[in-house]
């Protein structure tokens, strides 16, 4: 692929970008120092970009009793099951940054099971991983385990939605060979 | 759960629904004879409902060189891997209806591999299933197999996006024990 | 294969059929409206047909404390693990008919785990599925779980025998690409 | 279980045995030096014993272009996948005896893939093992591979039937904790 | 490979062997009636042979509260998971010899789960097998299960080291198609 | 475990260490800035430490046509299959350092399949991963694929030995909950 292309698919960005998109990308550059490649990948079709970012922002940044770190931890453990290079890189960096604990980011990437986690966080990640590996085996006992750990039904919905979302994006990234921006690798080490 | 609840989670619909949502649900009732339970499930939070329907409508009903039947076939084979009762029921009915071939719907649910498919359709479904079962093993050879079968890079994106989307919704449905409307079972038999 | 052939193997029926076989097939046509293709498939060798039907009739129709519906449910969940198009179609129809509950048939085909089952039936199907997926891991605890659910040792034998039988026929059907009669698809919907 | 019981299930043999069964068991003792425990296990119900032995004798001893050694090799590689102690012991002994090659018996039990086999035998065992491990993935290419190796469609049926049969008996043995007669272990070493 | 070669790799033994190695091999011949092929395989490089035998002797013959039979049982169940023809043959013979119970050796090769074992031995083998099949899932609960069964932390180290060692040698044997000496097959039957 | 303990097992280092061991540890501190925890873990028994370091040094630092980077890449991809936190951390750092390419280290940890590798390196890693995941399926074709990629039989032995070694150490680390020194995480980023 072209050195700078965000994926292996020949799907160039709309050129020029519509003003609202350009403005969004400028804000990314200003705040993050880059436009994440996932946004560049979707920008061949502005409607698709917008539906993707609307869902992403609702799930990862919107109102929820799950903290942003908790949502990023779910993102990484799901991506670890699916071995998604893009999402492990981008969201592994987010875990390192939000937690201030580089080792925690590595543990989520490598094997969350051996991390030293409080029981509530472990229950959350166990559910996200089982939902990823064997969704057909999720039953009422699994929901009850989350309730017993202190989550309510809205939290369960949010855990499931974030885990589900990364099961989607992991596969879009895998199918298109999506490449993370190089800048992530050294962040918050 | 309550006999009429769309999931096992205690997340009642916003009441009353905002006028735009109520109108959308009325249209569903008029056209489909029901409000699909997935919409009722998301209606505890209208923003979530809207981001979900925007993505669903873009992927399943929006502009694409994939026919609606092809997209529904992807939906069902992905849901078959994940054994999602909700999606197999609702989208199995869609395959039966769009194809006019009840047996085709059953084959997608039970084992698409033994269906009598043209090579292009088989390549599409093989990719969707591998992407579901082993996303970490999707490589350039897999993309090239789709191109060799007659798909272009935009088609590959669309195949991946539909397959990815159902990997998400299968898991939201599994996590919440989402129940399909009974009406689907007898449709287009 | 020929449009009418029951399998992909070139193994034509004995022609003419011996009188006893012809009579048996005539009874099938009269009672079921068809000769099930599995019988046509075996009819290239009357001894094989007879040993197959003797075992089938003993297990599925013979004396047992398991009801015919219970035996058909085992048949379908085993065939669901093995994704056998023939057996899911023919025995899924049987579950719908014997139970008068089309949704129950669909649940057995798609994912029996999310069906609303009494604990005894669930224990029976859990055993049949574990025996199918991981026979090397069936131990005394698994047998005791059946006894605790209300089954006696003869029932355990019968559950195992039906589950075992469909592990055989699923594979004969898969190996020969056995095709179910079209009539099953619309039955008892 | 009782020291002498053939399984962990409390299903004593009919007592006295009907004369025809007693005669059959006497012949076993005379020819084999024992009554194989599988026959003793089924003898709680003479009809079940008879349907089992009729199918066994047809498949393993009846007319087929597969040699008895080939059928026993299929029996053992299937039982190796399923890790069935009873069948590996009894049919491993049969491979040793029929081949006069104790090492061949061990290879079939341990890992048939590393045995030094002619291509036709390897194709046969590869088919039997794939049919055991992933019956849903057996397609026309797999049947054609057998034809290319020199088998005809009747042979394919016979390979599938023997492989299917041991997928049944492996599970009946596992479910009941069936124990092989001790005499097998030292035979033909 | 040459009839007498210990592996499929063209790596001839150092010739002549250094005196210390020759003496070691002479002792093997005297005590065992053969030079085990694993030693002949490593003898293309005397340093590699020496590091291998040092570790082997420490683990399998050195000081430990695990008996030699217990270590050999671990060796065989690990090799059974990995289906290693070399190690199953050589160490299966060792279990038969050390236990004086040929059936025990067969059970370890075929399916240790159905053997009649005391709870401590079963806990040891369950740990070794889980460590082989799913090392990423070994957690404190697994270590505690060993402690509850009567093992101390040094024993846990020894169990893990033997299980780990055979996970290594199974793979060296598989990669090189290492062949056990024929003499093992008939030993201690 | 104690904050400073290298594993979850209560196996304190020999105290004082023998002079040769102390010297070795001092050299580690001088050259690496730390004593790797794996050495501290083994130091409860100096013989075990010595046999481990002898094998490690022979394989990872000794004479071989495989470069040190190649051996470390094998170490990481094997550890990625087994999700070993210790080895991924320590040897991931080694890949980053030896290659001067932090992204390469991340790719080996996360999913080597999507790395941009020359065909020879890919063949080497594909062999190591298959040997790890399914040693029973390694056959002559797999060895020939390495030869076709440019490796000779001695190289195959070395690839197998390194892959085998990490299949051992991954399991010793998992069984003991071995913890990598914190210093690795930030190295060569």
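As written, the chain order gives the labels A, B, C, D, E and F, with residue 1 at the start of each chain.
In this section, a contact is a pair of C-beta atoms (placed from the backbone, for glycine too) under 8 Å apart; a residue touches a chain by one contact, two chains touch by 3 or more.
Because the structure is a prediction, the values reported are computed rather than measured.
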| item | value |
| --- | --- |
| Steps needed, at minimum, to go from chain A to chain D via contacts | 2 |
| Inter-copy rotation, chain C to chain F, in degrees (Cα atoms; steps of 5) | 180 |
| Recurring contact interface, reference B-C, options A-E, A-F or A-C [over half identical by residue number] | A-F |
| Between chain F and chain E, distance of the C-alpha-averaged centres to the nearest whole Å | 22 |
| Distance from the mean Cα position of chain E to that of chain D, given in whole angstrom | 29 |
| Euclidean distance of C-alpha centroids - chain C vs chain E, Å | 44 |
| Two or more partner chains touched - positions in chain A | 83-84, 111, 114, 136, 139, 177 |
| Chain contact graph, described as a line, ring, star, complete graph or other shape | other |
| Pairs of chains in contact (touch as defined earlier), listed by label | A-B, A-C, A-E, A-F, B-C, B-D, B-F, C-D, C-E, D-E, D-F, E-F |
| Contact set on chain E toward chain A in their complex | 136-137, 139 |
| Chain B - residues contacting chain A, complex | 8-11, 44, 47-48, 50-52, 54-55, 58, 62, 82-84, 127, 131-132, 135-136, 138-140, 143, 153-154, 156-157, 159-161, 163-165, 167-172, 174-177 |
| Chain A partner contacts - residues on chain F that touch it in the complex | 83-85, 88-89, 102-103, 106-107, 109-111, 114, 177, 182, 185-186, 189 |
| Of chain A, residues touching chain E in the complex | 111, 113-114 |
